[in-house]
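Comments concern the structure below.
The letters A, B, C, D and E name the chains in turn, as written, and every chain counts its residues from 1.
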Amino acid sequence: MNTQEALKIASLLVEEWVWTTETERPEPNRLDVKLTKLDDFIPIVVGLRVQRLGYLSAITGLDLGPEVGELEVLYHFCTAAAVVTLRLRVPRDNPSVPSLCSIIPSAEPFERELREMFGVDVDKHPNPIHIYLPDDWPVDTYPLRKDFEQGTVSTAVRRGVKHDGKENNG
Amino acid sequence: MMEKKIMDETFTVPIGPQHPALKEPSHFRITVDGEIVTNAVVRLGYAHRGIEKAVEGRNWIQNLYMLERICGICSHIHATAYCLGVEQLAGVEVPPRAQAIRVLTAELERIHSHFLWVGVAAHEAGFDTLFMYIWRDRETVMDLLETLSGNRVNYSVNILGGVKFDINEEQADAIRKGLDYLEERTNHYLDVVSNDAMFLQRTSGIGVMTRNQAEVLGTVGPTARASNVARDVRVEAPYGAYFDYPANIVLEERGDLTARFVVRIKELFESYRLIRLILDTLPSGDLETRMPRRIKEGETVCRVEAPRGELFYFIKSNGTDMPERIKIRTPTICNMTSVVKLVIGHQLADVPMILVGIDPCFSCNDRMVILDRSDGYKQQWTWEALRQHGIDYYHEQHS
Amino acid sequence: MKIGIMISDISNSLFRRPITELYPFERRETPESLRGMLHWNSENCTGCGLCAKDCPANAIDLIVLDKKAKRFVLSYHPDRCTFCAQCVHSCRQGCLEMSNEEWELASLDKDQFHVLYGVKEDVENILAGSPLPDVDRIE
Amino acid sequence: MGSTTIMNNIPNLVALLIFPAGLFLLLCGLFYEWADRKLLAQLQNRIGPRWFQPLADIIKLLAKEEVIPDGVNPTLFIGLPIIALAGGLTAALYVPIVGLLPSYGLPGDLIITIYLLSLLTLCLGLAGSNTLDRFSLVGATRTLTQLFSYEAPFMLALLGPAFVARSWQISVITTFTNNRWLILSQPLGFLVAVIALMGKLELPPFDAPEAETEIVAGALTEYSGRGLALFRLGKGVALVIGLTLIASFYLGGVTNPFLFFVKTLTLLLVVVALQALLTRLRIDQTVGLWWRYGTLLVLAQWLVTIVWHGVAT
Amino acid sequence: MTQNLLQDTIQRLKTWARINSPWVLHFNSGSCNGCDIEILATLTPRYDLERFGIKLMGSPRHADVLLCTGAVTRQARDRLVRIYEQMHDPKFVVAIGACALSGGVFRGCYNVMDGIDQVIPVHAYIPGCPPRPEAIIDGVVKLLSSLSIPTAKVETQPSTDGRIETKECSL
C-alpha cells in the first residue's frame, strides 16, 4: 500500500464513519485525528487494524500543562510514508486510556512507558509495572509531567548514597 | 534435575540483571505454568538517563548533542532524525550537499554498526577469531569516520541547518579505497557466516520468526527483513538525500539467526554502493543554512532508518528556544517486544533460543535467573542453567 | 558446508607482522580534524557568551571581568566536555579551536580538569580568590 | 594481607619446588601457556602477551587477597587446587619431558598418567560444585560431563601406539615409537588424541565449561588468588604432559630437547589453529559429537590397526 | 636485615606482577555504548591490550581493575557498588568518558548520579566522549605506572600562553 492510498483509506475510515472526529493534515504525509469520545477509540483502532493500515510505531504522551488540566495521548500508525495519528485527551487528574495490548501486542512497552512517565492509567494492561524507572521510584511522581522538577528526585537519592562510611554528595 | 520439582507450579522467572556488557543491560521476567511460558515482561532502564525530560530544559542546539548521545552505536542517525524534524518545523531548506553528506555518514555508520554486531554476535557464539578479524576490518571505517568528522564515535557531523564538515577529493579517495578493501572482506565474511559448518550449527534454524509473526509483532530493521518483511524507512518513506540516492531493500526468507547475519552483511554491499554513488555525484553548494534560535510553534513526526531499524521522533515546539516535547522511540524497543511476545506459549526450554535468535547479545545481558516462588523460596538460576534445562528437557522427551 | 573457512585469514597472519599499533611507544599521526582539548584565544572575544550558552555539557563558563576592556577569563572543564565542537562553531569571532594533538588527557586526579584560560594576571587573581569588580559569569 | 598470604604460601610453594623437577615443570607449563596465547594472538593478527605474562599472572594471583566464599567447605576449597597441581606434577614423572627419559617407569604407567591428568579435571569439577555460585555449579557439571566424554577416546587413542608397541609402559612405548611416525599409520588415532586433549584441557572450541560469554568463568568463578593460580599452573603442566605424550607417541618420538621443543611446539600450533578456526560447541554438541564420532573414529582406527597387524604378522 | 631484604624483594615482585598483569572487568553503568565499544576496540587486533597483560574477565573476583563507563543511572548504582565490593583487594577503578567523570551531557538529569566517583572511589579518569582507544590505553598505562611510584601525581605546571592548569579553583 502506498502513502496516498493509505491516507485515503484512513481518512475514509475516520471521517465518513459513525464516530465523531476532527481531522487535520498538518503535513502532506500525516493525518491527525482528534477523537472527541474515548469510546470511539478502540473501534477505530480495530478498524485501522482490519484495513491493515500500518503498525503502531509509537505512543507519545503530551502534558498540556497544569493550566489546561489535560494530557494528550498520541498513537502513531505508519504505513509507507503515511503517519496516522490518533489523539486522545484525558483529564490531568485521574487520566485513563484503554489498553491496546489485546489488539496490538507490541503496544505493551509503549503503554508501560506512558504509565510511568505521565501517570496515565492504562486500563486492563497485562503488566502494569515499571519499564524504565527503578522500582524504588517514588509513587505519584511522573517525570515527563510539566510540574516535575528536574533534580528533586535525583538529589534526594544522592544524599542517601554512602560509601566507606563517608557521606558522598556531589 | 533438581529443577524438576519446582517446575510443576506457576512461578515467575526473572531472567537476568544486566551484565557488564557491551550492549545495554536489560532484564526479563518470565512467568511459567509448568513448562509453558504464560507471560514475559522486559524490564529496561539500566541505561535510562531521563533524556526526554532533560531536552525540555535545554535549547535546541544543546539538545542535538544530547540526543546524539542516546546511543553511541548509531549516534549520527539520532542527530539526523532530530535535525530533519527541527528543520521541518522551522521551515528551513538544507542545502543538497549537506543532505548528501548526512546520508554518506549514515551509511558509513551503518557499516560500522553491522560490522560491530556481526563481531559481537560471533564472540557471543564463541567464535573469537571472526570477532577479531571483523573488528580489525571495522577499524577501516572508524578511521574514515575519524578523518571525516574528528571523532570515532559521536561524530557530531550534524548541526541544525546543515553539517559541520565538508568532504574533499583526498578524503573521497580515502573512502573509496577503504570501501574497496571492505567490500572484498565482506564477501569473505558472507561466505563464512553462510557456509562455515561449525558456525552454522550455532545459528541455522535458531530463533525462527515467521513473516506473519514479524509483521504483527511490529519488528523493524534487519530483524524484520530477515523474516521477509519489507520494512525499511529509506525505501518506504525516503528522507533527506535518499530521494536522490534511492536505496534497495535486502530481504531474506528464513527468519532464523543465519538470515539475520546474512541480511546485515548483504546490506553492507548496498551501503558501499550508495556511498560510492554519493561520492561520485556529490552536489556542490553550501554546507549549512542559518537556523533561527527559536523554532516556530508546531509538531512534526520524523522517521529514519537506523542500523537496527526504524527510529521514530516526535517533536513539538512551542515557539521558544527550547522544545516543548520530544518523543524518541528507538528500534530496539520494537524488537524487544517481539521477543517478549514470541516466547509466550513456547516451552521454557525454547526461551533462550528465541532470545538469542532475535539478538544474540541478550544472552550476554542475562546471565542469572532468580526463581521467586510465592512461598518465599528463592533460587538463583544462571542463564546457562536455563539453557541446560532446555537441553535436558529435550533429552528426556526423546528418550 | 565447509569447515574452517577462516583458514585463509589465519594462515595469512601466521607469517605476517601483526597489525597492532605500538601505542604508547609509537604514536600514529592523528587526523587534522580530530577534536581534542579546547583552546581559547582571548584576542577577538566579544564576550557574547554564545559558546557557553550552546555547550551541551556546561563545560565552559565565561567569566567577565570587565566587559568594556574586554577582560574575560574562560573556565573550561575537559572532564565534562563532550568534544562536540559546537562552541567552536557557535563562536563567530573564531576564538575557539580544538587541538588535534592534545587528546591524551587521562589523569589520576580530577583537579586537572579545571582549566582557566585568560591573561595570566587575571587567572592568578581568580585563583587567589581576590575580590574582582563586578564579576559576571555567563553559563 | 597480601604479604601474609605469600608467607602462608611459602611452605606450600617450597613443598612444590623440592618436588623433583617441579619448578622446571611449572616454568615449562607457563612457557607453553604463553606460547599458546601468543600463537593464538599471532593467528588473530595481533601481538599478544609478552613472554613473562603467565609468570606475572601467577605471581599477581598469589599476592592477591584470598577470600573463601560463604557456604563452601574451606578444606576442600583450599585443598583441591593443591591436589590438582600435585596430580599434574606426579603425572609428569612418567613422561619424557624435554626429551629426557621419564624419572620413573613402571608397567602400566600410561594408565596412571592418564588418570592423574584426569585428577586435575576432577578437582576442577569438585571445586566448582563446592561453591554455592550458580556459574560454578553449571561449570562443574559441564566440566565433569566433558571429562567423561573425553576420557574414553583419549585413552583409546593413546592405547593405539601402546598396542603396536605391545606395552603399557610409557618408556617402552617411546623407545618403540622413536623414529616411527605413527601418525602415518594411525592418523585417525592422532586426530582423536589431539582433539580429546583440547577437550580435556577445555581449550576452545571445547571451552563450554568456562565460556566467558555464558557462565563467566565456569567452575573457577569463585576462585581468586592462590586457588586460581594453582589451577592455572596445573593446566599448564597438563598441557605440557599432553603435548609430550602425543608428540612422543605419534610424531616419531622426542628423544632430545631439540626434537622435543620442535615437535611439541608444532603440535601446539596445530592445536592453536584449531582453536582459532572453530566456533565454540554447545555442551550438548560437544558431548554428542564425541560419543557419535570420536569414539567411532578411534574404534575404526583400532580395527584397522588390529587387522593390519594381523596381516603383517 | 635479610628479613628486610626478603620483604623488600617480595614487595617489589608483587608490584611488578601487579603492574604487568592487570585483569579488567568492564561495567556499563548507563552509558550510551560509545565508550563501551571503544573499550572493546582496545582488545581487538589494532590496539590489542593483551600486550600489557590486560585481559577482560567476566567475574569481579578475578579482576583487578574495574573499567567503568556511563553516568551511573539509579538502577545501575546498586549493582556498581556490589560489583566493586565483590572485587578482591588490591583493586582499582578507572572512569572512562565524560559521563563517567561528571555526567557529561547527562549532568543533572533526574535518573543519573553524575559520575562514578559519586558512588565508588576512582583511581584514574579518562575524559573524552568517547576517548579514543589510544586515550584509554594512555589512561590505563598512567594508572599502571603510578603503581610503581606510590606517590605519583602528575605535576601541575603553568603552560605557555598564559594558560594555567590549576589544582583548586575557588570559584
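We take it that contacts are C-beta pairs under 8 Å (C-beta built on N, C-alpha and C of every residue); 3 or more make two chains touch, one makes a residue touch a chain.
Source: prediction; values computed, not measured.
Counting steps between touching chains, the shortest path from subunit B to subunit E takes 1. The set of chains in contact with subunit C as well as subunit D comprises B, E. Comparing the chain pairs C-E and D-E, the larger number of C-beta pairs in contact belongs to C-E. Most remote from subunit B, judged by the distance between CA-atom centroids, is D. Centres computed as Cα averages put subunit A at a distance of 40 Å from subunit C.
The distance from the centre of subunit A to the centre of subunit D, with each centre set as the mean of the Cα atoms, comes to 60 Å.
For this pair, subunit B with subunit C, the centres built from the Cα atoms lie 30 Å apart. Counting only residues that touch two or more partner chains, subunit A has 133-134, 143, 148, 150. Those residues of subunit B in touch with two or more other chains are numbered 45, 48, 50, 53-54, 65-66, 69, 129-130, 132-133, 136, 151, 154, 196, 198. In subunit D, 41, 43-48, 135, 213, 216, 276-278 are the positions where the chain touches two or more neighbouring chains simultaneously.
The touching residues of subunit C, when paired with subunit E in their complex, are 18-21, 23-24, 27-28, 56-58, 63, 75, 77-84, 103-120, 123-124, 126-127, 129. Remark: subunit B residues 122-130, 132-133, 136, 196, 198-199, 201-202, 363-364, 367-368, 380-385, 387-388, 391, 395 touch subunit D in the complex. Residue ranges of subunit D in contact with subunit B, taken from their complex: 43-46, 134-135, 137-138, 141, 204-205, 207-208, 211, 213-216, 276-285. Those residues of subunit C that touch subunit D in the complex are listed here as 3-4, 6-7, 9-10, 13-14, 16, 18-20. Subunit D contributes residues 1-3, 6, 37, 41, 44-50, 52-53, 55-60, 63-67, 135, 212-213, 216-217, 220-225, 228 to its touches with subunit E in the complex.
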